[in-house]
Each structure stands twice: as structure tokens, then as C-alpha cells.
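What follows is chain A paired twice: with chain B in the first complex and chain C in the second.
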Partner chain A sequence: MEKPVSTSPLGQTLAVSGVSHSYAGAQAVDDVNFVVPAGSIAAILGPSGCGKSTMLRIVCGLLRPGVGKVMIGDRDVTDVPARERKVGMVFQNYALFPHMTVAENIAYGLSGLPREERRERVAQMMSIVRLEPFANRLPRQMSGGQQQRVAVARALAPRPALLLLDEPFAALDRSLRADLQFEFVQLQRSLGITAIIVTHDQEEAQSVAEQLIVMNKGRVEQSGPPAELYDKPANLFVNGFVGHASLLKATVARADDGNGLLRLASGSQLAMPGPVGFVPTSDVVLAVRPEHVKLAASPTPGALLAKRVLSVPLGHLMVHDLLVEGATPVRAIADRASESAELPRDVFVSFALDRCRLFPAP
Partner chain B sequence: MNRNGLPFLLPMLALSLAGFVLPLALLGVFSFVDTSGSPTLANYQRLFADPFVLSVLVDTIALGFKVVALTTLIALPITLLYWHASPALRRVIVFLTLLPMLTSNVVRTFAWIVILGRQGPISQALVELGLAPAPRSLLFNETALVVVLAQIELPLLVLPVMAVIARSDGALSAAAQTLGAGPWRILVTVLLPMMAPGFLAGWVLVFAGATTSYVTQSVIGGARLIYLPQFVYREVGVLFQWPSAAAVAFVLLAATSLIMLAMTAAARHPRLAGHA
Partner chain C sequence: MLEAHRPSDWAYRLFVYGVGGLAILFMVAPVAVGLAMSFTSGQTLKFPPDGFSLRWYQALLDPAQSAPIHTAISHSLQIAVLAVIGTVLLAAPAAYGVTRLKPAASAAVEPLMLAPLVLPSLVYGLAALIASGRAGLSPSFGLVVVGHIVVFGPLMYRACAAITQRLDPSLEEASALLGVSQFKTFLRVTLPLMLPGIFAGMFLVFMQSLDNVSVTLFLADPRTTVLPLRMFQMIEESLDVRVAAISGLLIGTVFLCLLVSWRVLEPRRQH
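Entry: the complex of A and B
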């Protein structure tokens, strides 16, 4: 006798260890390790082709990894096929069954339940995603946002141990996306389910997830809370992928005492507030977040000359695109309230160097 | 309603009016007059009183359904393979499906004469395997005709189904798997309903093709198996019975139209129309 679906506890820990997989010789996923604690949301973030979708297929059991182990709770599910794994999945274009009504779609994963219980569960799921009036609609008669909610309800109905979402908000309008992201986080919190979102959109990942797993070329570059990845990116890739950063090429001029000195390609020098961690003459890249760039109309000590290419207001912020020393593009963001007067075309920029990160030149 | 497209439709409308609707109307008039030219229902009365004509009508419709059934059996594995195939393999399957259509119906029919004939590979193989005492022709029976028509009409069924598959979400069966469904449940509850509009469209084409395929019916079926197209030809070409031929043609037209209308109506069901 199979255990009834309803007893499967929501929100279990997912642990992926040493997972590698290749398609026809091409390495899609290479030695991936991460843990998603029970009841939290993690986002697998990366450019297209980075292996994030392969990772999702491995976690939900549609793909068996060549090497490695997938654990859900204390159950090793590496060899358990998708149909027995009890992992809910929301597909990129929702993959709703087009010939079934909303209620039938949601009931699809409940075939093991007695009829009465199944009807109750469907009604409960439809009220959770607020789709009760649409029970007898067909998917194509509904909007994109409603279809997305049906897909979430269908995946959650069998009470999975884990919920996976593949680019769940990508097909939606920008304004609708923010609403549905908020709604999804509320739902996830109230149910206490463990969820993993795959996305290429770093803003979406940061607004939804408690943990980011940044992937590139089949490898995990860094994982951790969004703020940690933003403030202390492990490498240039993470630095560029999570939030915006302007890159300045430089050479280490002095590293002998506590304070390092950088020489930019233009010849200007930047005095670093602490040790740089590189030997002199190393080629390095200084990564500067837009909010760490200060603009001034008149020269200040250590400031560099820059030309303002474009300044665009963004809500209460002002986004400046600059050309520093005639060559390096740098983006700056400032509060519009703090910019008392109109800036001249030629400005002087200084960086909050204690907040900027240095990486070896690629 | 935007009517600006009308001028572009005119050549096609004129052609179909002059080449199809008008002759059909003339045929209709023929079927309601006697040899002297006065109006009568006698042609139809004679037809339905003749048990031979009725048996030909029933045989023709039965032939259509048998070909549809066999074509479906052959098409199903092909379309399922197409569903699971990579884009490269899909192109190969489409090419192989279209390939026979590049040769004419007549050529394909004559190729089957070679295959099914007394000296053909099947007959020879049966003798070599000891399953038949002497080589014999496998032609001139209904089974052979159904097989040949199924092969000839196969692309007309496979192509519409492939068109439906190409437009549907490839993740559907993966979605069903994550919801706990096994392969048979996915086939019956997800894949077949998804492909149904394509099958309905293909059935209409195959049925129409099989019931009206004069050349294949007469060459493979032989002179003893008579279906409505040959019957019409005999009435006109041998007996010069235009009124009676017209009546038979109209009965054939009405019978096949009715069946095709039923299939088309089924395809317009809201659950199917969404992705047809």
C-alpha cells in the first residue's frame, strides 16, 4: 500500500552534493554543491546556458545526474524517478494541460486520493490562489498571471516536499510580475514550503529569494544571502551579475605598506584606504557600484575628471553615465534631493574606495 | 469587418465557381431529370431500390473507415516518436513523411503491384519460409487495398498531427511526470487529447482520399471489388447513364460530407479547438 500523498510533510531541506552531468560529452553541470534549508526560498541565478535548467531537471528527477547525490530531507532521491519524487514543478510556460479545466489541471496530481478528499483539496488550492470563480475555465481562456497561479496551485496540490519554479515570472508584464512575486513569497511563507526559483533576472532573484546560487558555465560561482553576494562578490562574474558594477582597469603601483596605490590605465593614481592584497605590478580590475561614485562640480583631492554622457532621472534617483578620463564608462547613482544644483558637463568623480572591490584582471 | 482582401480572393473564387460549383450544380440538375429531360426522382428511387448499389455504398464507407483505422495505427507510433524527438530528428521525420508525396499516386499504386504481385518480395518470402506452397498474388482483395491506401494516405494524417505537436508545449509530459503520472496515463490523459485535433483533421483527409481514390481502388482492388468511384465511371463511361451516375455521385458526396462534417464538428469542441 502506497503512503497517501497527504502525509508528505511540506518544506524539507534540499541538499545537492557533487552533482555533475554532461550531454553528449558537453559538460552541462560540473560538481555542483548547495543546500537549501527547509522552508526557505533559494534562487539559482545565471545567464542562459549556465546549467541552471539542467540543475532543476536533476532536482525534480526528470534527469538522472551522471555523478553526485540529491537529498530531500533525509531521503536520498538520486535514483527516484520524477513521478515518485513528490517534487512540485512550475514550468516556464506553465505547461498547463490545454484540454483540461482549471479544476481538472489542479486535480491531476491527486489521482491517488479518494474522490471526496480530492475535491476538497482542489477547492482549497483554488481558494489559496484566489481562482475559485474560474474552476471550469480552460487555460487559454485565462490571462498569463492567472495561468501562472493555476500552475502554482497544480504543483502544490499533491503537497510536495519541494517546489521548483523555472522562470515563473518571465512571461508576465513588468507591473504584474512584481505583484505576483510578492504574492508568491506570501504564499510560500504561509505554507512553509521549500522553494527553488530558476531565473536569469538578478532583480527578481534578489526580491524573492533568501539565498542566491549564482551559476556560470555549469559551476556554482558563489552562493549566499543576496546582500552578501552584492557586498562581497567572490569574483568578477558574480560582481557583474548581481547588481551593476563599473570596471576600471588598473595596475598595483604600491602594496608594501598598509595602504595600497593603484595606477589607472590613464596614469591617474588612486590611494586605497587599506592593503590591496596583490603584489606590485599586478593587473587588477576595480569594481565600483553606482552608489559608491560621488560627483562634484569642483575638483576635490584625488578626484578624477569625467564627462557626463547621459543623466536620466529614475524616481527619486538620478542615474549618470560618465566617461572617466575620456575612456572608461562609469555609472553613478545619486539621490536627486542631494544634488542641489545642475551639474556641469565636466564633473569630478571620487569613489568610496573602502566599499569597492578589487579583482585580478581577467 | 475588413473587406479589403476581397480583390485578392477573386481569382480563386472565380476558379472554384467555374471549375467546381457550376459543374456540381449541373450534375445536381442531371440527377433530377430523366432521359427525356423532365424532372423526376426516379434516378434516386432506382438507386436505393437496387441492393447492389446499396452494397457498393456501404462497402465504400466501410473502406474509408478501415483505411482511417489502419492509418491511425501506423501514424500513432510515428507521431509519438516525433513528440519525443529532438529538433534534428523531427526534421528527418517530416522529410521521410513528405518523401512519398513527391511521387504521384499512380506511381505509388504501381509500386505496390510489384510488392504484392506473384513474383513480389512478400510472396517469395512466404514461399521461402515454407508458409505458402507456391507463389501467389496478394492483389485484388480488400485487405491489400486497405494496406495500400493506408500507406498512400499516411502523410495526410501524420502531417496535421505533427503540426499540432509542433505548436504545443514540450513540457506537458514532464509536467505530468512530476505530478505522478506513468507513461500510459500520460499517453491517454495528456498526449492523445493534445493530438486529437490533428487526428480529426487528418481523418477527414484520409477518409475523403480513401473513398474517392479511383486509381488505387481499381488497380489494387481489381474488377471484382467495386466502390462508388468505379461505379460512377461505369455508369458514365460504359453505360452512358448520366442521370444515374449523377445521382450516385451525389449520394457519395452526401455520405462522405456527412461523415466529414461530423468529424469537423467534433474538432470544434471547445476543449480541442483551443490548440487546433
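Entry: the complex of A and C
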């Protein structure tokens, strides 16, 4: 990090197109397409069993896809076996060789180099991940965070065009995680390597990656910068997986003149500030981010009555869990500084409807 | 544990220490008796020994007096060493290979691998004699070695499988992604991790082979005398004290082997 690595080549672009794969008839990955530009970090995000690990194995070459193409730079590597692909991988359990020291682990992939160059490269990698004092330790003598750094150094030592990380922070303490994520992003930037991180933790994905690829049931639901996915989720799944959102079931009551009208299940009506994009009587779901919910102690026009179930301070924020109209759970977040007095148990809720998203009911 | 004076606790202690003590007594006492008798200065095997001397060890080592014993020892050692080599070459790779099979296949193969362990070796010896006779093979030194490899192979297999079944498959994947060939991966990663199992298996096979009577009895030709059979003959003919001296040497050797394997293997196990 402190020392720039001048000799490292820039990372290369990864392009995955039309990749499908099935295990024994079960479709694990279905027509996946994405591009990770050279030198950037992308996160493949999704619940367990969504096909993200299968995708990672296809990219690194441990698995040959049934259909589709994998390109690294301008090289088609679909038929190139893993050991010739020059792709670095950090395994979820790090997969360090337990009988080798830290230095031996890092040198493992460098057997093609002359002895002197190999020694230099190992020293360089150890200084990059700040593990010089531990060169002769065995992996089991090191903490989880240190082991993770050894795994990163070992994967980077042969100067791969691409670095893959499978849930690299999952086994670490929460407090350590943020530090290592920050360190990793700095390292990635200074090396200019292309990195793909697989995770089920959307916070981790957002804090590390420039591009999120959200997968579900073997398909890519949406990909793009984290802010875009948060502000303009393509569907309910992405909406629920990236950030928190409360869902209100509703029916479109009026859509004819530019301003739509929604009727909630309770009978209350919500006047939308613009066209809703659904024909009247369509069943829809209104997704509301917690920061778009406003609470008031006294009624305001269009506000809904809600019961405050739980209010928890979280740093400078206050998180309210509400039951709107006695039935629908809604979460609200407000700055504690702006809440002058203790709110009553029954509050009035209004939504920043111009920021909320409407989806067809599932 | 907290209430040390509860009756059940006393019963528990009595049972564990009582039975444990008896087991140690029954196993160690005869060994101690045999060892004590080997140092007698008298003419015959008896306990307590008449006096202390090393004369029977001297007689045992003297080539003029004990040439047939030396031949038997040499045969036994050769058979044991060849059996160890054979099981290392056959059973250890099998233990590695089974972990790469699909679960259903390995579940089917495993009982076959372990079958010789549950079959009485006497039955196997007889069956092997008849079968090899049918195949036109007469009892020989080579047949004994093959028999030992078959019967003691499972010991090596078990010792190695205990390790290979716990090997993390991502280690080999990590090696492949670092550009290392499958064969070099085996030499640099898998084999070193399997070594403690191989050493343990070598020790077990060596001791069992050295000790075996039943397989050798059926498969050896008359010229292939082995140590246990020779000792049995000597006891039958006369109460030869050299038998006790051989026992003493064996006990000493085993003790040394155990000591060495502790020193060599234990630090690895703590990985």
C-alpha cells in the first residue's frame, strides 16, 4: 500500500456473455452477462444458492460452462484450464497450505521464476500486505485477518490479470472487516488490478465495489453502480436485497391524468406526484426506503396513522419500526437531532412519494 | 464432578481406574515376566529367574549357535519391509483416490477395501493357498509378501483415509489456480499432508507383519522360516531361553519405534 508497485501490469477487462450451467439437470446459472472494466472492483451479490459461487468457478476455470463465453482482455479463456488462466483466487476459507510457512505459501505460484526474482517478489508481496515479521510463521499460528492477507498476497504474487475473492471477509470479526475492506480497496487501487468479490452481504458489496451484479436463482437481476441499484432498483428482489425497503400493497385507483392515485389495502388513498405507469385496478407494491418516511405527532394532509412498535437509537440516527394502519410494518429512519421531542405512541406517517418505487405485485 | 463424594462418582472412579488398572496389569505384567526371564543365568525358562546374566542374549547373537534364528529374523524383516513398501504403494494411493470418487461410489468401494481386516486371516490364508494352488502357484516367499500386503493393506488404508477424507479440496484448487500441475500439486501439497498417516500405517503394517503366523503358515514354503513360527518351534522342542531373549529384543525395538514416532509424528499432528 505504502510502496507503489511499478512493475505490476494493469488488470484486464472481464467479459462474461451468455453463460449457462446446470448441475445434474438443475440450472445453477442461466444466461449470465456482465462486463467488469479493467482496474475496477465488481461484487457479485446474492442470497446463498443464487449461482454466484458457480459463476466464480466458471470465471476462474475450475468449472467449464455448458454454454457461453468468458473473455479476459481480448483473450477467449472459455476453454483454457484453470492452471493456465492466470486468475488469482482468495478462497472463503483462504485454503492456505497448512504445512508451509507464510513465505512458502506466497512463493508457491512462483516456481517458474529464477530464485533471486522469486525471493524479491515474495518480499515485495509481504511488504504490500505488511506481513514481513511473519514470514516464517505457519498459517495456524496467525489470526484470521492475517491469514486473509496471506491468501491475498499468495493470489497476487504471480501477477494475475484478475483477482477473485469468495466471501473474503465473511470469517472475520465485524470490527476487523471494515478495516480490511478499506485496506483491500486501497491495495486494489494501487495495483490497478481487476477484482471480483462474491458476497451475500450487501453492505460489504456496497462498501467495496464500484459495480454490483445482483444475482438470484441463477440469473443476473440487475447490475450497475451501488447508488443506481439503491435509487433505481429494477425489480422487487433488487429493491429488497440492496438496502432496506418497506413494502405496502396497493391497487392503482386512477392513472388517467398525469397524477396517479393508489388505494392501500386498508382503504386509505395515496396521491402520487407523477404518472404511475400501471393501468387502473393493477395490483402493485409501493417500496419505501426508511429515510423517505416522515413521522409527525399531529396529523398532516395525506398522512397515515401508525403505531410505533420499537424505536432504537443507532448513532446519530433513530430507527423506528412502525405498524401503519394497524397492519403493514414500515421502518423509518430519522436524524435524532431533528426529532425535537419524544414522539407519541400513535404517530402520523407520510412518504416522500417522489422517491418511492412502484413494482407490480408478485 | 462438582460433588466428588456422590456414590455414583465413587462407582465411576472404581470402574474406570479399576478396569483400566486391570487392563494395564494383564497387558504389561506378562511382558515384564518375559523380560525378566530373558535375563536368567539358569538353563531353562522359569520365573522367577535363577540369577542375572546376558548369556542368552549372547547366545542369540552368536552366529554359530543361532544361525536358523538369524535366518528366520532376516526372512521376517524382509517380508515386513516388503509388505510396508507394498501397502505404501497400493493402499495409500487408494485412500487418496477414494476421496475423489462420488459419495455413492466411495461408499461402495470402502467396504471392499476394508474386507481383509474383518475376515479372519486364518480363513484368508487357507483360501489364498487353495486359490494360488489352482492358479499353479506353490507356496513361496513372494506369496507370503503378497498375502501380507492384502491382509495388512487395510491398516495403511485406514491410517491414510483418516487424513485424506479431511483434506480440504480447495487446497488442490488453490494450487491449480496458482498454475501448478496436478502431479506437482500431489507432491507439494497432498503428499506432505498425508505423511503422518503414511508413517502411522507403516508402523502398524510392519508390526503386524512381523507378528503374523496364520497367513505365513499357509503361504510359506518350508525354506521360508519366519520368526514367530521359529520361536513356536523352539518352545515346543525345549524351553529355550533364547525365545525370551528374542522377546526382549522385540520389546526393546517396539519401544524405540514408539519413542521415535512420538518424537517425529507428534509435532506434525499438532498442526
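Here is the rule we go by: the second predicted complex is superposed on the first by the 352 of 362 C-alpha atoms of A that agree within 3 Å, B and C clash if a C-alpha of one lies under 4 Å from a C-alpha of the other, contacts with A are read in each partner's own complex, and residues count from 1 in each chain.
In this section, contacts are C-beta pairs under 8 Å (C-beta built on N, C-alpha and C of every residue); 3 or more make two chains touch, one makes a residue touch a chain.
Predicted model, so just to flag it, every value in this text is computed and none were measured.
With chain A as the common reference, chain B cannot sit beside chain C without a clash. Legend: residue contacts after superposition of the two complexes on their common chain; A:108 is shown touching both chain B and chain C.
Applying the stated contact rule after C-alpha superposition, one finds that A:84 touches each of chain B and chain C.
In the superposed pair of complexes, A:97 makes contact with chain B and with chain C alike. Of the two partner chains placed by the overlay, chain B and chain C both lie in contact with A:154. Chain A residues 60-62, 81-89, 91, 93, 95, 97-99, 108-109, 111-112, 138, 140, 154-155, 158 lie at the interface with chain B in one structure and with chain C in the other. Put simply, chain A touches chain B in their complex at residues 5, 60-62, 81-89, 91-100, 108-109, 111-112, 138-140, 154-155, 158. On the chain C side of its complex with chain A, the touching residues are 168, 170-171, 173-181, 184, 188-189, 192-193, 271. Across the complex, chain A meets chain C through its residues 60-62, 81-89, 91, 93, 95, 97-99, 108-109, 111-112, 138, 140, 154-155, 158. Contacts from chain B toward chain A in the complex involve residues 168-169, 171-172, 174-182, 185, 189-190, 193-194, 196, 270-272, 274-275.
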